[in-house]
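The following pair of complexes shares a single chain, subunit A, combined with subunit B in the former and subunit C in the latter.
Coming up: the complex of A and B.
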């Protein structure tokens, strides 16, 4: 579309553009202005002494970026490896968990019986609970002694003779992955279910006549036709889990120390360094680096799943 | 027609945006009532009813000073750090603010606190306050007094007198590190078992009872691990008692990885490694450990004086006065280490911001709150200790044998260095020592001295990096 066409288009569809305008202005205020300020801060030395100067803090060039990536003396760098490792494991596990569980339940609920409709509503409950409540509640549930998880594992199912520790040591990572899956799988289920209902019955019927097994029907009909849904869920999942913060901070950060080596995600690391250690510029630099990496990930997603590839 | 639509849509958009923007622009300051000067105070939840309790303490002041209108706001400890620092840097905030004694150095370095040197003689000056806590009234090395100590918090040992009596132990058995450890071992080996009524059984009898329902084993000591804000406060008395320090005397380097400091760390963590502390207690925070002590899970634990009040109140008033532990406990000082006895001393200070429009009136309130009468009254409400020496002469502290021990503990009180970099150091140390507890709890296999030393060295490395960053920022300031 050339320049002339754009203006003509705006004139022709002014009503639609008028409705878009608030969102565009809102996006500018809420997203782009903070991003630009964040980029500026990442080149300054904004700390407890210079905070009152704000954007007039001394300019230090790329020093913050160097500190985040290479300087072994920087506190952000010291915890970076663990934070990246945990975030990668966390994101993969949460997406696989949510997608798997969501798909299984969506397939089970893809019927029009009234009891199924009731379950459809009931399964949405975890998703209604705010993430900070999820974090707090699971914090209690993981408790070694009085937590319901260990009670179930040792007393009811008798899977362990000794109750495991969840909130200390490497198990911490599971202690944050499982509540996140619990919180988000209904959303995945809902989206996949909506997708499943758009698949015409005729396809499955034809496959049945041709003698296809249930597994073959799922693999060759359901999964490819659901691609627009699960590919979008994959994108949303990557973005929301890499930027995950609430559950960890509510489980560990609120009146109960800090997440240890296996509970620290990128966001909690950046938050701690920015707001507890007063290294706003290093926090901003780390956020910008993360943003660039995420833009790369999204670009890759477009390359693989982009509009014309469905 | 299209333009008409455009006009109406724009109008709706404008109205909705203005309705969002206008309330946020409205200043939140309270209106000045004619002739009265309004003083805003921010406090933390120091008691169950923070605002009402402070208003009651200030009731006499209000009668004598009708020209001052006091507005008290309670802010949560979790949000306090960011709210106060935003106020300090933005110039929008209260006139008077409570700040944690360990935060003074950092917040003072932001340059927004009013120097109070000209006023302090009115409240008796430095001599009137406990010497240790007075160190938090100013940045180390500076003569500018900017934060007046308001109340003090020291930790001591809470122990079960009935268990001690049963095993023939006394308070003296907690006097030194050696005797403390020996006492814990004695309780561990005796296998003290209790029933719901609080009857105690030891030895063979206890072993038989333990097989029946309704009986439980009492562990010698309950301490918190990583999931607690007090991680450093719990570690540091042992480091000090072993002759170690946290930072070098020029405050440029972390020295808690020295041989002496490590001795303290080994002793404290050794209590867990020797099985004298149940590993499951390491997952809890101070409140949960306190609840367990009250419910008869441990023979000993460490806590602040506010529990004395809590354990004396009946259940209807929110206390636990009826439990067996609440009726059979006493307080003891921390055991003496190779280089003496130390108690971590914390608490809160009162500051006046430079941007206050009525600094003189604000000072009158601070002076009143730091007077002997108000300090005793507030201590009775919160359970914390006064910061003034003369307040301890009151029968409330003198006649109560338990509070008297806390008074004694203040003599051994020691505070963290009051320096600008302490604010960022505290979260680093809290987290690093928390990770150390993971190792001590055996999450990575049986813990060795090398593991612990390595974790302490990592903590020192991170603290050094904070010191380097903050100090270089300070020189560039």
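Coming up: the complex of A and C.
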């Protein structure tokens, strides 16, 4: 019997299952059964009147899906489409911002290795601030009259004569994107820096001797070698930003209100419809659709970046 | 470009980014030490005139913030304890054994990360209601309910991190112990776990921080006496709309414990998080 077989014989497999059992039981109860129930609920009419009937609520087939996607009379649909637009812009901007800032700072730190430790610690502080605090704090900072942002813009730098409104109208998108970048970019920087530190200096030195410019070195050496890092960050970024909730919910109406047509994201929209307006079934239908779309997005990611680097 | 001026420019940029990045935290702490009047009139806004500790006293006396803080600590520590046991066992199993269904389990671990939390929330709420009807055990508004949900919820991502750590431990040590007659469980406990300790510590910190930051489930699954900090803050902010002084004091109290913990354990956290980026 060779070494590998010792590890693979039948008796050991029972250990494999035993070690997994607690997690599998938990996941069955907390993940899989709820998904099934969620799918069932999306075909029922579950609202505040039928809540006590639980899964015996009236069956309405695909009506919820129709209301969410196609019904021109449904108010839910308009709100949801605004939320989709905002979420797409928000996700793209946050990922670009985090990745760009993270990359620039990581490159700068990598050049000055003596100060890496100090600055890395300082930069990581915002990433430890809880997201609900981020929303609360920035909501206060964006405040029209007493917020520090308008104070800086009008009194210190004098860029505006009149203080702009940040939490009303299209500006709202900036007001939710910037705090999210502020909160998350250190993580991107940390990962990219760790990746940069594994690239051997010889590669860049050889390229310099061959007469490559800084830009060429970045484009043809650094970026391809960092692909395992930034592709994972891209995936994590897409998932976490599409499902972003805390920052927006705490910034507007102090956790209870409507963030406005330019600040509403998918999660806040679905949460409000489900729990404030008691439309559990429509909320479930919307989130199931979202889930399917996201599975498609992640499948696309796999197609492009492969799973070999996981 | 001249290399000295280049260096100065880079350092200058790094310092500027640090200042902008840290300013909101400074702003939060400064405003937590002002009276609301000072905040609203906006004179001398960047500094504290006379620190007003009274805000923190009010937070404890009038808003019962001590209770929220205590609840958050209980929920997060117990969650971390259970979640780390589940994910260490599962991560070890997935990295060491080959067995039927491994692919399915690995894929479902990833799949759970793609499902929006709200898909789980409504059914879990309804399941808990049903469970109460059937067994008379109340899970909504109690610690066990929330902890049970959290402990399982943070496991998939933790397993994913830990799997990598166990995979990086050479199998040969365990094989030697196996030949010497050690039982599988003892190998796991006495060899694999100690060797993977940096990874386990990092994962535990990750679980704690994620639980500390969780609002949506806590919102629906807690009641007055089991509220965690995010729910408590949300409630009190709704009641005290314009008390920015108290709001910032609450935000500070929610942030400082974990900021301090991060400062002490940053070495572990950074090593744990970046292990995936570094190993190839």
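Quick notes on this structure:
One rule holds in what follows: the second predicted complex is superposed on the first by the 274 of 310 C-alpha atoms of A that agree within 3 Å, B and C clash if a C-alpha of one lies under 4 Å from a C-alpha of the other, contacts with A are read in each partner's own complex, and residues count from 1 in each chain.
Just so it is clear, a residue touches a chain if its C-beta (ideal position, glycine included) is under 8 Å from a C-beta of that chain, and two chains touch if they have at least 3 such contacts.
Note that the structure is a prediction, hence the values are computed from the model and not measured.
Contact with neither subunit B nor subunit C is seen for A:158 once the two complexes are overlaid on the shared chain. With both complexes superposed, C is the one of subunit B and subunit C in contact with more subunit A residues. Contacts of A:113 after superposition: neither subunit B nor subunit C is touched. Of the two partner chains, neither subunit B nor subunit C is touched by A:303. Contacts of A:261 after superposition: subunit B is touched, whereas subunit C is not reached. In the superposition on chain A, A:275 makes contact with both subunit B and subunit C.
Using the contact criterion defined above for the overlaid structures, shared-chain residue A:22 touches subunit B and also reaches subunit C. With both structures placed on the common chain, the touch criterion links A:45 to subunit B but leaves subunit C unconnected. Residues common to the contacts of subunit A with subunit B and with subunit C across the two structures: 15, 19, 22, 254-256, 275. Contact residues of subunit B toward subunit A in the complex are 2-3, 5-6, 9-10, 13, 16-17, 77-78, 81-82, 85, 89-91, 106, 109-112, 225-229, 231, 279-280, 282-283, 285, 420, 423-424, 427-428, 430-431, 434-435, 437-438, 441, 443-444, 461-462, 464-466, 468-470, 473-474, 476-477. Those residues of subunit A that touch subunit C in the shared complex are 3, 6-8, 12-13, 15-17, 19-20, 22-24, 26-27, 29-35, 37-38, 41, 54, 101, 105, 108-109, 111-112, 115, 119-126, 128-133, 136-138, 140-141, 146, 148, 151, 182, 186-187, 190-195, 197-198, 228-229, 232, 239, 242-243, 245-246, 249-250, 254-256, 266-267, 270-271, 274-275, 280, 283-284, 287-288, 290-291, 294-295, 298, 309.
Within the complex, the subunit C residues that touch subunit A are 7, 10-11, 13-14, 17-18, 21-22, 24-25, 27-28, 31, 39-40, 42, 45, 85-87, 89-90, 92-94, 96-100, 105, 108, 111-124, 126-127, 129-130, 148-149, 151-153, 155-156, 159, 171, 175, 178-179, 184-185, 188, 209, 212-213, 215-216, 220, 229-230, 233-235, 237-238, 241, 244, 247-248, 251, 254-255, 258-259, 262-263, 266, 270, 273-274, 276-278, 280. Those residues of subunit A whose C-beta lies close enough to touch subunit B in the complex are 14-15, 18-19, 21-22, 25, 45, 47-52, 58, 73-75, 78, 143-145, 165, 167-171, 252, 254-258, 260-261, 272, 275-279.
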